[in-house]
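All chains are identified by letter, namely A, B and C, in their written order; residue positions are counted from 1 within each chain.
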Amino acid sequence: MLPFYKRALTFLFLSLALLGLLVGCAPVAAPPEPAKEAPPAKVAMLMAVSCDDSGWGTPGCEGIKQAATKYGIEYSISEKVAIADAEAAVRDYAARGYNLIIGHGFQYGDAIGVVAPDFPDTSFAIYAGYAEGQNITPIDPKNHENGYLAGIVAGHLTKSKVIGSIGGFDIPTVVRVLEGYCLGAQSVDPSIRCIYNYPGNWADVQKGAEAAQAMMDAGADVFFHDASLTGVGMLQAATEAGKYGIGFGTCQDAIHKDLIATSALDGIAETMVLAVDMFMEGKLVGGQTLRPQMADGIFTLCPYSGAVPQAAKDAVETARQQIVSGELVVEEISTPSN
Amino acid sequence: MLDITKRFPGVVANDRVSLSVRKGEIHALLGENGAGKTTLMNVLYGLYRPDAGQIAIHGRPVEISGPRAAIDLGIGMVHQHFMLVPVLSVAENVILGLHGQASLLDLAATSRRLSKLAAQTGLSVDPAAKVWQLPVGVQQRVEILKFLFRGADILILDEPTAVLTPDETARFFAVLRQLQTRGVTIVLITHKLKEVMAISDRVTVMRGGRQVTTLDTKGTTPARLAQLMVGRDVLLEVAKRPAMAERRPVLAMHDLHARNERGLMALRGVSLTVHSGEILGLAGVSGNGQEELADVLAGVRSIEAGALHLHGQARPWTHPRAVLAQGVVQVPADRLADGAVADFTIAENAVLPTHNRRPFSRRGILNWPRIREFGRRLIEEYDIRGARPDSMAGWLSGGNLQKLILARQITLDPDVLVAVQPTRGLDVGATEFVHRKLIETRDAGKAILLISTDLDEILSLSDRIAVIYEGRINGELLPPFDLDRLGLLLAGDEA
Amino acid sequence: MDQMLTLTFMTAMLAAAFRFATPILLAALGEIFTERSGILNLGIEGVMLGGAFVGFYVMYVSGNMWLTFLAAIFAGLCMGGVLGFFYITLRANQVVVGILFSLMMVGLTSFLYRLLFHETMLGKQERLTQLPIPGLSQIPFLGEILFTQSPLTYLALLLAPVAHFLLYRTEFGLSVRAVGEHPRAADTLGVSVTRLRYLSVLIGCGAAAVGGVFFSLHFGQFLDEMLLGRGYIAVAIVIFGQWRPGRALLGAIIFGLVDAFALRLQALSITVPFQFLLMLPYVLTILALLISVRFRGDVGSPSGPHALMAPYER
């Protein structure tokens, strides 16, 4: 039996540890700047990652903040919501009168599907996921269109005719970006071979770097990713070895201003703004999948580095126009091709 | 050592104890279990800090802050449970803590010095052997060498002969005498009168945490020492009335077969009947199936063949709780492993078999005031010393722990009490107490099966004796017991 | 398949295996001391994360790699002091404290990150690169595998024999082993159990923090979830290695090899499910345990030093 003070200290430590956890996961909430009138609406977002991950979470948070500023609405973001806690978190937001609740990730589909029927006046949206319901809007961006444009750049840059890419997980929303990238490259030169890697996480910089090394050993000389920080690790290792990289999610030219040819913005932030726009205008229809696409102007490439030849820029521009006009339809491949 | 006092939560282990040991003598520290002998020596060795009192070595007052300080003063202590690291070699155990942490190990040189020292003292041992491979007798040599290697001239030995055979004990005493000629002072902690008489120059008797007296061994007798130790004249014969005339068979075993841990048949047809109001002594050299029989009767070992009858009816014997419910209760041989939970309080241990019943719990909720009260009752009625209901059972000395277990089991009011080695390792006072309680229980009309390898115990308590040999009952004796025949039965000769 | 059998493939794979092994080996070598002294430190994941964060921050502020390295060790020792206080002085449950510490560090580092950084950290930091050893790196194959590595890899590889020497050839190592097996025996010979356990926890946490700073120095990025259980894998490797530095080295390399091999298989368009790879270190550990039950090593039981997780009280 420990003396009292030791038990007390242990208890204190445990409490502090729990507090630390809570601080780490606390919702990022901000009231609108000049809170003169009641906000016209309240928006909430849940995600499994944090706002600092420079991949999935960062643009998600950006989008919500932009939309909130635009309309002067109140918002709240819950980071690192585990699947087990999702239903409670969603229900909590709904009960507290949030009008639009967005699950940022496929893992929140089930929770929203369960909670939504209990709050028929609340709108729910799931980014890159699906649930059925009168007041649920699944958002499924055609991000393979943007992967295709990045692929065209890669097709012009590769000399070895082997290009590599990694995706966090082999889930449809990721796979189709990488497959779109491959299609884009092959539109430049059909002999180009694509190699892939799905390390199974979004944060392992070392594995990303080693994946780059392994793919370089297999001959790849241009690299692309949809893998958040793991992808950053890959781009760092690739550019360090003098190979080209194409960023994803944010403009990642800071890694290497010449060798990072461009970055593909998957429009998460823009999509969030779009969803809030539609909601504010009363156009967000439940039960219907929202498919933001090139024509909505949400997908862009970051400014090119000096390494990108004019021919590539022209080809990208042509393809963009063809996709917007519907003349070119990028095939949507949702399962890994190897 | 002058006026040493050491308290533990709820217990005064040493109360103003003074001890003076002369250079070069063998000094016996005699006392019952729990008299405070080991505590006193742990204070001397720096393991405990005294709450009051002074220590002087060679006339100089010293402050012993820890074992390191004690070793530096030339004191070494061999504990009852050896302080050797089993996975390390003999040499590694000896060199441990010898130099500073920063120094390199020179096992080769240590081994050479150790072998030389071993040869000089007659404590031969292989320095490269791993301790776990060595028999206990050799491990004891390593313990002593550990301190001689450090140049110790005061050796404290805590119950050194407990792990030795009589033959090893004789050799061990020879070594002690040889050490004495080399000028080593020896303090021998023991509760065995024979040893005190055999080896010591002087003896200090302790009782209940106090020093009773110090005597020259030559000027005293075992009877006098025993009296000092327990504080009253020891009952050498157990006073008991003859068993009741009217006896009914209570527990009957018919042709029991059971296997031991290794799957070998250990019981090969035990048939035995225990009657109400009698103590049936089951004698036997250990390893003849006693442990397995005790397990079977407790319901923790399954029967291969045979049957058990209670009050003339065959009963299933498959679950300890069911066995307990039928009124067959056991006082197990291994008190700490099977009899009590060391990390539970005395009150908790007291209700181990009954905690799920009223008045100790209702609808699964424990009633703590009742449980504590019950613990307090047992402590008082069975004279469990130095204990409160909330003290840990593990803090009790062997004798007091046995009293607790006995108290708990007898309070269950069983029809049959199976007592296995009930006084093993207990001192005279506790032994007498246990014996008296068994006889009281018999006189209350209970059936008692006493399984013991201690012949004196069997002879003085039993109303009838059965002898077990190689898993079978080899014969039965009625009083007056024929010792010659008993000897033959124990040795396996057919009656 | 033919591509897999070439020497270049093998060499590159082995070199990658050593890179993967480095942070885990560093943490595992330290944890060997901690566990040998009788303390199971599951806070090691949190300590690695703390080391990575402090390294990341100090590198950002100072731009000096040496300072970063030393700051991480210092941070590791501080965390070790805190953990040691709970493990040793308060005798708290080691599993509970260790796991909670690791969880707490996730919250703490992400909180501090948000407090201290307000911009993207891409490309902001100079990164540690491989340091080929002149001459030795020219040796065919071996040169690429062993001598064209990160300075931290050299450090880890060097520390394995150093740890072995410390453990088996010094009085310190003997005392650590004794304290983890039979603390009372050590105590009765004047070896301070408390002091040795603190030292062992400090060694373990210092080494784990170096394992963590590997990520800050090499990748210049920080995210609270970036370690992905490498600390726990280090604990698994300690068990796999049966608490011996040499075997832990082997275990770390096998682990690295599995990862490196899987990445290369995928580069050759042979897909291995990543879930399978996540499982492997633990499967290997269980296998090692099954084998160790039959061969008694130099620890008291197949599940580790005899007094592992047992707080000591006189």
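By definition in this document, a contact is a pair of C-beta atoms (placed from the backbone, for glycine too) under 8 Å apart; a residue touches a chain by one contact, two chains touch by 3 or more.
Since the structure is predicted, the reported quantities are computational estimates derived from the model, not experimental observations.
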Query: Starting at chain B, how many touch steps does it take at minimum to reach chain C?
result: 1
Message: Can you identify the chain nearest the overall CA centroid, using each chain's own CA centroid?
response: C
Statement: Per mean C-alpha coordinates, the chain lying farthest from chain B is A
Field: Inter-centroid spacing, chain C versus chain B (mean Cα positions, whole Å)
entry: 47
- prompt: Taking each chain's centre as the mean of its CA atoms, how far is chain A from chain C in angstrom?
  reply: 32
Query: Where the CA atoms of chain A average out and where those of chain B average out, how many Å apart are those spots?
result: 71
- prompt: Can you name the residues of chain A that touch chain C in the complex?
  reply: 2, 6, 9-10, 13-14, 16-18, 20-25, 49-54, 58, 164, 195-201, 203-207, 209-211, 213-215, 217-218, 220, 229, 232-233, 236, 240, 250, 252, 254-256, 336, 338
- request: Enumerate the contact residues on chain C facing chain B in the complex.
  value: 168-175, 177-178, 181-182, 184-192, 196, 298-300, 306, 314
Query: In their complex, what parts of chain B are in touch with chain C?
result: 45, 47-48, 66-71, 77, 79, 82-88, 92-93, 95-105, 146
Task: Sort out for me which residues of chain C touch chain A in the complex.
output: 3, 8-9, 12, 16, 19-20, 23, 86, 90-92, 96-97, 100-101, 103-108, 110-111, 113-114, 117, 120-124, 127, 129, 215, 218-221, 223-226, 228, 259-260, 263-264, 266-269, 271, 274-275, 277-278
